[in-house]
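The following pair of complexes shares a single chain, subunit A, combined with subunit B in the former and subunit C in the latter.
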Partner chain A sequence: MTDTARQTLLRSLPASFETGPEWLRSLRARAADALREQGLPSKKTEAWRFTPVRSVVDAEFARAPGDAPALGSDVPEGVRARSLRAVLGSEPELLEGRLELAGPPEHFAALNTALFSDGLWIDVPAGTVVETPIEVTHAVARAGVSYPRVLVTTGESAELTIIETYTGAASDGLTNSVVELDLGPNAKVSHVRVHENAGMQVGRVDVRQAADSRYQSTVVTLGGALHRFDVRALLQGKGAECQLDGAYLVEGEDHVDHHTLVEHQAPYCRSDQTYRGIASGKGTTVFDGIVVVHRDAQKTEAHQENRNLLLSENATVHTKPHLEIDADDVVCSHGATVGSLDDDQLFYLRARGIPEDLAHAMLTFAFLESIVDRVRHEPTRARMREALLARIPHGDEIREVT
Partner chain B sequence: MLKIEDLHVEVEGKPILKGISLEVAAGEVHAIMGPNGSGKSTLAYVLAGREGYEVTKGSITYKGEDLLEMVPEARAAEGIFLGFQYPVAIPGVSNIYFLKAALNAIRKHRGQDPLDAIDFMKLSKEKAAIVQLPDELTKRSVNDGFSGGEKKRNEIFQMALLEPSLAVLDETDSGLDIDALKVVAQGVNALRGPERAMLVITHYQRLLDHIVPDVVHVLIDGRIVRTGDKNLAKQLEREGYSEVRDAPSL
Partner chain C sequence: MSSATEPIDEILKKSYDAGFVTDIEQEYAPPGLNEDIVKFISKKKQEPEWLLQWRLKAYRRWQQMSEPRWAKVSYPEIDYQDICYYAAPKTDKDAPKSLDEVDPELLETYEKLGIPLHEREVLAGVAVDAVFDSVSVATTFREKLAEVGVIFMSFSEAVQEHPELIKKYLGSVVPVSDNFFAALNSAVFSDGSFVYIPKGVRCPMELSTYFRINAAKTGQFERTLIVADEGSYVSYLEGCTAPMRDENQLHAAVVELVAHKDAEIKYSTVQNWYPGDENGKGGIFNFVTKRGLCEGEASKISWTQVETGSAITWKYPSCILKGDDSIGEFYSVALSNHRQQADTGTKMIHLGKNTKSTIISKGISAGHGQQTYRGGVKIMRGADNARNYTQCDSLLIGDKCGAHTVPYVDVRNSTSKLEHEATTSRIGEDQLFYCRQRGLSEEDAVSLIVNGFAKEVLKELPMEFAVEAQKLLGVSLEGAVG
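Up next, the complex of A and B:
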C-alpha cells in the first residue's frame, strides 16, 4: 500500500463535497475515498513502473485558474457544446449516469473526478453528420494544476471530428485530463489529440462503443517533461471498430508514455493500433498496449504494432504490446520494433546530394508523418504536419520541398 | 576526369578489389564487365562513397581532387551519380520532393540559386519524358511499390535531372525485359555528351548492344584482366569469362 500521506497532490482533496447535484457529490466522495485509501501510483505500481511518477505526486502545485478548455471560434452546426459547470448548475439530470462511463476511475482520473470544476460536454444528436471539426484547446498558460474534463456523446449514426490541442509553455504545470466518449450505434468519431504543451500531463481517454460504431484516434505527442496517457476503448456492441494511432517524439530529458487497453467485449469487432515513436537526446518513451478479447467476442480482429527509432545512445525505449485472448475464433497480431534509421535509405539520399543531417531529418519526419497521413480531414492533417515540422530538425527545409 | 590507381578495397576484412587501375576521360563511356562476385558493385559503391568499404591501398582522383576525402553528398555535388543495382524504397519520402531537395543542394554547392517549384516541375516533366516515367510515379514515395523496370527508369530519370559529370551505372540492365532495357538505354544514350563520362557496369553483353561503349574492361576476382574495345564484349558473350581470363592478353 502506498503511503498516501506523503503524496502532496492528494492534500487538495476536501474532507467533504458540498456543492453540485447529489449524484455528483457521491461520485466525487467515492473517488476521494478511494484515493485516500489506495493513493496515487508509485514506482511499485506495475503499470507505472517506467513512469517517473514521483515528480508528479510529490510536487507542490497551486490550483491553476479554471479547468474549462476553450472552444474554437466556430462550433459547427449540429453540435451542442456546453459548459459542464453550466449544465451541472441548471440541468444536472442530463448528465446523471453519463460520467464515469467506463466504471469507477482510479489514480489520476479519480482525482479529476473529485476536483474538476468545469469542462465541456459535446453532444451530437442521432443522425447528425458534422463535417467541420470541433476544436477544443487546453492552454496551459500558467504553472499550477488543472483538471480539464471533456465528455463527448453521440446518438445513433451521428458523425463528428474533434481536435483537441494541449498547448502552453509553462514547464512546471500539471494537466490532469479526463476525456470520455460515448459512441451510439453506428456513430463515427474521429478524435485528434495534439500534445505540444511543455509541462507535465497525465491524461485518460475512455471510449465506450455501441454496435457498429467507429472510433478513430490519432495522437501526436511532442516531448514534454512528463506526458503519460492512458486510453481505454471498450468495444461493447457487435461490429464496433476502433483505430488507435500515435506518433511521438522525445528529446532532451522528455518522458512520453502511452498506454492503451482495448477490450473486445462483443463479437465481430475490429481494433487496430499503430504507434510510432522517436527517442533522441536523453529522452524516454514507453508504449504499453493490451488487447483483451473476452470469451464471447468471437470473430474478433485485433492488430497492434509499435515501431521505434532510437536515435541516441542515451535515450531509452520501453515497448510492451500484449494480448489476452479468451475466445478461440479470432485473428490477432502484435509486434514491436526498436531500430535506427535505415543505412540503405540514408546512403541513397546522400548519394543524390542530400546532406547527411537533412537526410536524417527527412527519414525521421517520414516515419512519423505516416501516422498523421491516416487522418482523413485534410486541414487537420496539414496542421498536424506543421506541429511535427516545428519539432523536427531542418523542419523548414523539409517544409520547403514538400 | 576519373583516375583510379592500384585500388585495393576490403569489405569486413576481406579483400575484394586487388589493384585496379583505370582512367576515364570526359565524353567516354567505359564498360566494366565481370561475373558475379568479381567486385563490380564494390567499385561502384567505393566511387559513390558508401561506408563499410575500406580502401587499403591506391587512390581515386576525380577532376584533379582526391575523391576518397569526400563524403557521399559532396561527391554528388561534384557531379558523381550512382545508378543503383537495387534502388531502395523509401516510404513516406516523395520521389519528386526528394529530388528537388537533392537538385537544390547540388545547385547550392555550385553557387546557383535554388529552382522554385514551378521551374522544377517543368524540368521534372521534361526529364521524366526521356524514360517514359509516368507523372504519377514521379510523385509517389521513392521506389515504393515500383516494379523492377520502373525502379531502373526512375534511376535514369534522376540522372537526367541531376545532370552528373560522371555516371556510374551498376547493373542497370538487371531485371529488365527487352523493351524496358531499350527505354533505359535510350535514356542513357540521350545523356551522352562530350562533357560527361560514364562507367557502365554489367554482367551481360546485351546492354552494350544498346549502350555502345568506347572501352570495355573485364573484371575478374578483383582485378582487371583484359581491356579492349566493344568487340571484347562480343567475344565474352561467345566464349565466356573463363576463356577470356585464361587467354593471353592482346
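Up next, the complex of A and C:
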C-alpha cells in the first residue's frame, strides 16, 4: 500500500474534535490517534491477509451525506429508539462508556468511532419482552463513504429481535458500520443481518454479554465486491450463551470475508458458531473464527463449524477456525470442510427426474437454508428464506417444490 | 487439585534423565558470525568452492532477513554473535572408521542415552549415523548398505564422495532464502546425514541418526538430505537429546526429502532435547525446517514425530505434493510440560492431481506448558480430486497450561475435498472413574487413557523407536495427567 493510498481515508480525520461531550471528544481523539499510528490494515496484518483492503483505501471516497441508519418499521411497543445525535446533544451522560464496548477500536471501527455523525440507540428496559422485531435499514443510496452506527442496550431479562438490512444500488460506495450490543443479565437478543450486494462493506459487531444472557446472530451475505464483517462477542457473565450463524455466497468476482471472535471470560458459558459458504464464479470466501477461553472460564463449552461448497474452477475458499484455550475444564471443538456437492444426493434427485441444474440449485439452497432454519422467529425466517431464493438459480421452482 | 493428584505432581517434577555432560576436548570456531566464520567452517570441512559460495549466498540473504515472531512462543532475544558455530570433538587426526576407533567416552555417552551402538548393530539391525555435536563420528552398516547401492553417510563425506548428488539436491526443497533459520543453517551447517536410495531398492534396514548437543554455547546446525529414487523405499529415524544447562541453546536444522516416482520415505523423529527446568531456565530452542517434496507420481512422504523435549519448538514438517497421485502424511504427538512452549504442525501443499494428505496431531499440555498446532493445507487450482483429512486433538492437564489450534485452509479446486476437525478437552472424569472402578490405580488409568489418546500416532512409529518413544511418553505422560 502506498503512503498516498493509506492516507486517502485517514485524510478525512480532523486534527481535533470540537463538538459533543468531553468523553466523546476524547474517545474520538483516541480512535484517531490509534489510526494515525497503526494506519489501516494491509496484507501484512494477520487478520486482514486475505482481505483486499487496497481496493478500499485506494478509492477516492467523499463522505456520503445522510449516512444514519433508518428505522425500517414502526418501533414496536416497549422499545425506545432514539437518534444518537439527539441523545448526545441533550443527555450525553446516558451514553457515556457505552460506545466502546469491546475496548479500544482499531482499524475501520476506529475510523467509524472518530467520524460517525449520527446513528441509532435502541434500548429495551428491564423485563420488557418485545415480540415484534425492530427493523433497521442501511441504504447506500449514493456513492461515497458512510459511517452508520447502532447501539443496542437491553436491561435485565429483556428480549428483542432486531433485523438489519444493508442494501442499496451504489456499487462504488463504502459502508463502514459499527453495531454494538450490550446485553443485561438474562437478556435475550436475536440479531439478524442481511447484506445485499451493496458496494463495499466493512462492518463490525461488538457484543458484551452479562450473566445468563443469550445472543443469537444470523448473518446472510449475498455476494459483494468486498464485504468484510467482524463479529466479536465477549462473554463476561457466568452462564452466558452465544450463537453465531452465517450463510454466504459469492459469484463473479465477489469477495466475502467473515471474522468471528468469541471470548469466554467467565465460567459456564457456551458458544456455538456455524458458518456455511458457497463459492462460485471467480469469487473468494474467507472464514476466520477465533474462540478464546480465558484461564478462569472453566466449564466452557465452545463449538465452531465452517462448511464450504466450492462450485467452480476459479473460486477460492479460505478457512481458519482457531482455538486459543487457557483453561483446562473445557469442551471445545472446531471443524471445517471444503468440498463440492454430494454425488449420491445428486443421483437421488436425478433418479427422480429432476434436471441436473435444478438438482444443483436445490442442494445449494438446502445447504444454506439449514442456517436460516436456526432463526426462531418464524416471519423473519420466511423473509430470509425469500432473500436466499431470490439469489439462487431456479429459486421460483424450488419455492414450489419445498 | 485433590490430594489424589499428589503423587502425580511428584512425577511431574521428574528430572531429565539424559542430562549429563561428556568431557571431551572440543575444537571450536570463535563465537560470532561473519563471512570469515562461514569460510572457516567450509575450509575445515575441505569443501569445494561452489559449496562455499552457496553458504556465503545464504549468509548474505540471512543478514537481510529478520527473525520470525508470528509463532505463539515467547523467548528472550537471541544473540547470534554469542554462539559458536562450529564445535568438533578432537580425534586422532583421522575420523574413526569403525566403532573400535571411536573414543570410549563417546560410546559411553551413547550408552547412557540408551542407544548402544553394538547392541543395535547386532539386535536391531539398525545402521546408526550418530552426530555428536557437529561431526559424524561413526557410521555403522555402511558396507552392508553399499552392497545394495544405498548411500548413507555424513553430509561432509557425501560432499567429498558424491558432489554431483549434493549439488543437484541441496537446497532444492528448502531454498536458502526460505526462512530466517533455514538461511542461517545453510550458511553455517556443520554436518548431518545424507541418504540416497537407488532405483527400485527397498532399503534393507531402518536408518537412524542420533543427535546430541554437547558443548555449552554451541548451536547445532545439521542438515539432512534424503533422496529416494524411483520405486525405492526408506525408513529413517532421528532422535535428539541434549545435556542440562542453564543457558539456552539454539538448534536450527534443515531436513530435505525428495521422493521420486513410486518412491516412499518414512521419516520418524523422537525429540527429547533438554526442555529447561521447572521454571523455564535453560533448554533448547528448537527451530527446525523440515520439508519433503513428492516429486514423482505416486510417491509418498510420511512424517511421524514425538516431541517431548526442547524449551521452545518451532517446527512444521511439510509435504509438497507435486507428483500426481502422491501422498503426504503427518503424525505428531507433542507434549509440553513445565514452561515448555511448542508451536508445531505441518503444511500440505497439493499441486498434483489425486493427491492425498492426512494430518493427525495430538497435543498434550501440562504444568505451564503452551501448545499450538499450526497447520496449513493448500489445494491449488490444478490439484483435481485432491483429498485432505486433518484431525488435531488437544488434552489439557492442569489449569495453567494452554492449547491453541490454528489451521489455515486454502482451497482453489472444486473437485477436491477437505475435512478438518479439532477438539480440546481435559481427561474425561468418567473414563477415569470407569478405570478406577475396575481396580486400576489412578496412575495406570491415566496412563491408559493418555496412551489411547496418542495411539494413532505411536502406532506409526517403527518398532525400533516405538519402545523408546513409549518410554519417553511413559515418564512424561503418566506423570503429567491428574
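Operating definition for what follows: the second predicted complex is superposed on the first by the 395 of 402 C-alpha atoms of A that agree within 3 Å, B and C clash if a C-alpha of one lies under 4 Å from a C-alpha of the other, contacts with A are read in each partner's own complex, and residues count from 1 in each chain.
We adopt the following convention: contacts are C-beta pairs under 8 Å (C-beta built on N, C-alpha and C of every residue); 3 or more make two chains touch, one makes a residue touch a chain.
As the structure is a prediction and not an experimental result, all values here were calculated from the model.
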Overlay on subunit A: subunit C relative to subunit B, clash or fit: fit
Partner chain(s) touched by A:Arg352 [first = subunit B, second = subunit C, both, neither]: first
Geometry of the superposed three-chain model: angle at subunit A (Cα centres of subunit B and subunit C, steps of 10 degrees): 80
Touched partner set for A:Leu310, first subunit B, second subunit C, both or neither: second
Broader residue contact with subunit A after superposition on the shared chain, subunit B or subunit C: C
Partner chain(s) touched by A:Val338 [first = subunit B, second = subunit C, both, neither]: second
Touched partner set for A:Gly252, first subunit B, second subunit C, both or neither: neither
CA minimum distance (subunit B, subunit C), superposed complexes, angstrom: 14
Shared subunit A contacts, counted only where both subunit B and subunit C touch the same residue: none
Subunit C residues within the subunit A interface of the complex: 70, 379, 381, 394, 396-426
Sites on subunit A touched by subunit C in the complex: 46, 295, 298, 308, 310-340
Residue numbers on subunit B that touch subunit A, as the complex places them: 48-51, 71-73, 75-77, 81-82, 84, 87-88, 90-94, 97-106, 109, 142, 158, 162
Residues on subunit A engaged by subunit B in the complex (per definition of touch): 342-345, 347-356, 358-359, 362-363, 365-367, 369-370, 397, 401-402
